[in-house]
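Shared between the two complexes below is chain A, which has chain B as its partner in the first and chain C in the second.
So, the complex of A and B:
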């Protein structure tokens, strides 16, 4: 069962996007609403994993959109074949994979779109949607059996 | 570095388009993305030939529309290059959406606008309807009255817009055909002098700085948008002293002095005409002749920097005259002329509040003659003597058919 804060640094999902705090005055906002993504020199950033990067507070990494989600994908490691389809297709970079091994979901940024479930090729699926409030352990215990091929 | 040296004489015979294109060459514009449209085409066409013939180390990007042209300029400018283009009329209208993107992202693009009427009916001649379309777009707008000024102001435009305390895009306007296609004496700077004046481009938040990746074009809803637009407006308002400083520096190397508001024979003027573009030179001749021939103390106030609007300078220039004719070379579309409204607002905050009337004139390139200008001055003189506006407040100058006018002064 995956950790809900899998690979998260202390900055991930710190604040709600729509939160009404930390609102700056006109004299404090950035020029041209141009937002730097990282703190400090980011020359080597492409070679660093997410959890090694020093994201700036402007970067969506530090925000969470979890409150928008009504259904969530749950990952079942026992069925997964590490094909990386979900990682390729996820529109919000919310599939966490390291060394081509699927590890789980970034629940701070996943919006519950279900694309990962749709593209998962295993039988049964390695990702399935559950109610947002469903306990992950409970969800895994309800996993369906392998489907038999229908006779033509 | 450019491979070829462009030979220049101290005095050249250039039209406004050629003059502007030479300024683009001397400023070493890195990227020009353009789509051709009459009457501005030669500016971008010439830049393209300077690149092709090795006179400048730059990139000419051919695109499928003016919307794409300004979009490519936005991308190139955000990447960290010196960027310019040119357009007119319908092309300007098609660019309109992206003009707001450029100013909102604080990208110091220079746009040469050769003013031309907007269709329909289709017309290729000069009026100011395209210029007016840009007046809320957040760009600095400078107006040239002849080819020399089109050249001078284009060089100043880079220096103003790229100043780190400004960082805003700049339009340099010239009147279609009257300026753009009339060959006149132009005294260019040497390539060295011109480039030294403009200076190297110093990027801000450039996307090609891989050590500091940035997001351009962020979304801001009701909790952020207002603050960003206010900051942008303040930057535009605060560009006024920078424009003045750049004009001063330009005078030192060229001997040619520019001001955001140019007054002519206003010291003792009783009546004034306020105008934009080539009309100003016509009005100056008319004012001089009226003083000599009819004893009317006429003066001309011309707006060099249409944006940021010189509210205070306009007021200072006009507060002691008795009657003012404000000329709008754009179909007002169901209102008083926009320029009239702005000048009137400035005058309303003076103690004496001169009389103000509005003249719509010269649409679609209709000639504005010295006699037309004189008639405006004469009507202002009649107003000044009567102490009230004796004509309709909005009139049409140089229009065929029955006299057309709207609204009269309210007198108790």
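So, the complex of A and C:
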């Protein structure tokens, strides 16, 4: 389940987050501009999951900040209790949660801040940080055992 | 209003995010945690305006937008005016029946940093409250002008070092106390004002829902820990917020109609402000012997304010 294939991944994370060469220069732009976030009608967006939406190429959903990361969170589904702590506190909308289940991490938008790991309550944690280049299967095979509570 | 259930976190997590990734806020920034919560707590259409600051510049990196709703990019000072104008136009067009869907529920929201809210956009916000627009103003209070390199604002607490009120041999940092913005906005006669924090996700979501539902101008101050300027590790944003609420540096409370004050969170173990200060680089110098008196002063300020809140809660005035 690490490799979540959402329909919208066709559109997700296509661009590096930088201005294209075909844009107007600072002295050529008009006084105002409108960037439509979606193709066509957008009146029902709150009722559509990301994979059901028709994002326009202006939407940052189609961009990636993956190159910001030097470490990445890895998700171990076997330990997860679907508490959704990681979902509510991820600052980068990068926890893929559907129908009350945590499914995995959106590596196009995750910046590797480690907040999700900090707020994960399971023992051992269901999310841990690894080097960006670490193979996911390899990371999962190194998962720590349950830690005994330290007696004070 | 179509409300998302916030009974528990699992139910809340069925909300479909309308704030997208690949914005350029720092890793671990609390601004986006707060914005996501606001946008997830309702299904209604949203018209949002944002004063210039980290949130605005990071979510509108031309030619990209991170907003899945109507969103207005405006000046540093005037998100409240822009949203007030949009709200007035919507009302008029609704009356005339010229909207494409006259019954679609719409909510109006303005976001501002503390610099925009406490200082530079204060007059514009105050005016919009006096005119009584039906909107919610949310301040993302990181206690400094973060977007331009961490200058002091009137939200910066006494004793914090900032780029324009630096601690050193001759100074302990900012000398002036933080402005009490929540009381000031309650004094405008606003029907709902509150101070909320992202670590207490449920009271924050409920407060946001109350503000959106309430007719008239509502104000919410949210504590938004800034790892870059407060100097802590990005992973610790939520634990720093815990220290903020549990030391009562940021008490969680609401004021209804200017007089009905309710404390929304009472920590079981109240921590010393020292614990909160020690976790951040911006207060490091206060632990030198010559500046320790400032810690005592901060603690006294926090104790007095908490006492005042409790008395007001009881007295209902």
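Some notes on this structure:
By our rule, the second predicted complex is superposed on the first by the 131 of 152 C-alpha atoms of A that agree within 3 Å, B and C clash if a C-alpha of one lies under 4 Å from a C-alpha of the other, contacts with A are read in each partner's own complex, and residues count from 1 in each chain.
Keep in mind that, in the parts below, a residue touches a chain if its C-beta (ideal position, glycine included) is under 8 Å from a C-beta of that chain, and two chains touch if they have at least 3 such contacts.
Quick caveat: nothing in here was measured; it's all calculated off a predicted structure.
Of the two partner chains, neither chain B nor chain C is touched by A:71. Judged by the touch definition given at the top, the superposed model places A:31 against chain B, while chain C stays out of reach.
Looking at the shared chain after the overlay, A:79 reaches neither chain B nor chain C. Once the two complexes are overlaid on the shared chain, A:140 sits clear of chain B and of chain C alike. Partner contacting the larger number of chain A residues, of chain B and chain C: C.
When the shared chain is aligned, chain B comes close enough to touch A:41, but chain C does not. Of the two partner chains, neither chain B nor chain C is touched by A:14. Once both structures are placed on chain A, chain A residues 20, 23, 35, 37-38, 42-43, 45, 58 are touched by chain B and, in the other complex, by chain C. Across the interface of their complex, chain C is touched by residues 13, 17, 19-20, 23, 35, 37-38, 42-43, 45-50, 53, 58-65, 68, 82-85, 87-94, 97, 99-100, 106, 108-115, 117-119 of chain A.
By the touch criterion stated above, chain B contacts chain A in their complex at residues 104-107, 167, 204-205, 210-218, 220, 223-224, 226-228, 230-232, 234-235.
Across the complex, chain A meets chain B through its residues 20, 23-29, 31-38, 41-43, 45, 58.
Of all residues in chain C, those touching chain A in their complex are 2, 9-14, 16-25, 27-33, 36-37, 42-45, 59-69, 101, 104, 198, 201, 233-239.
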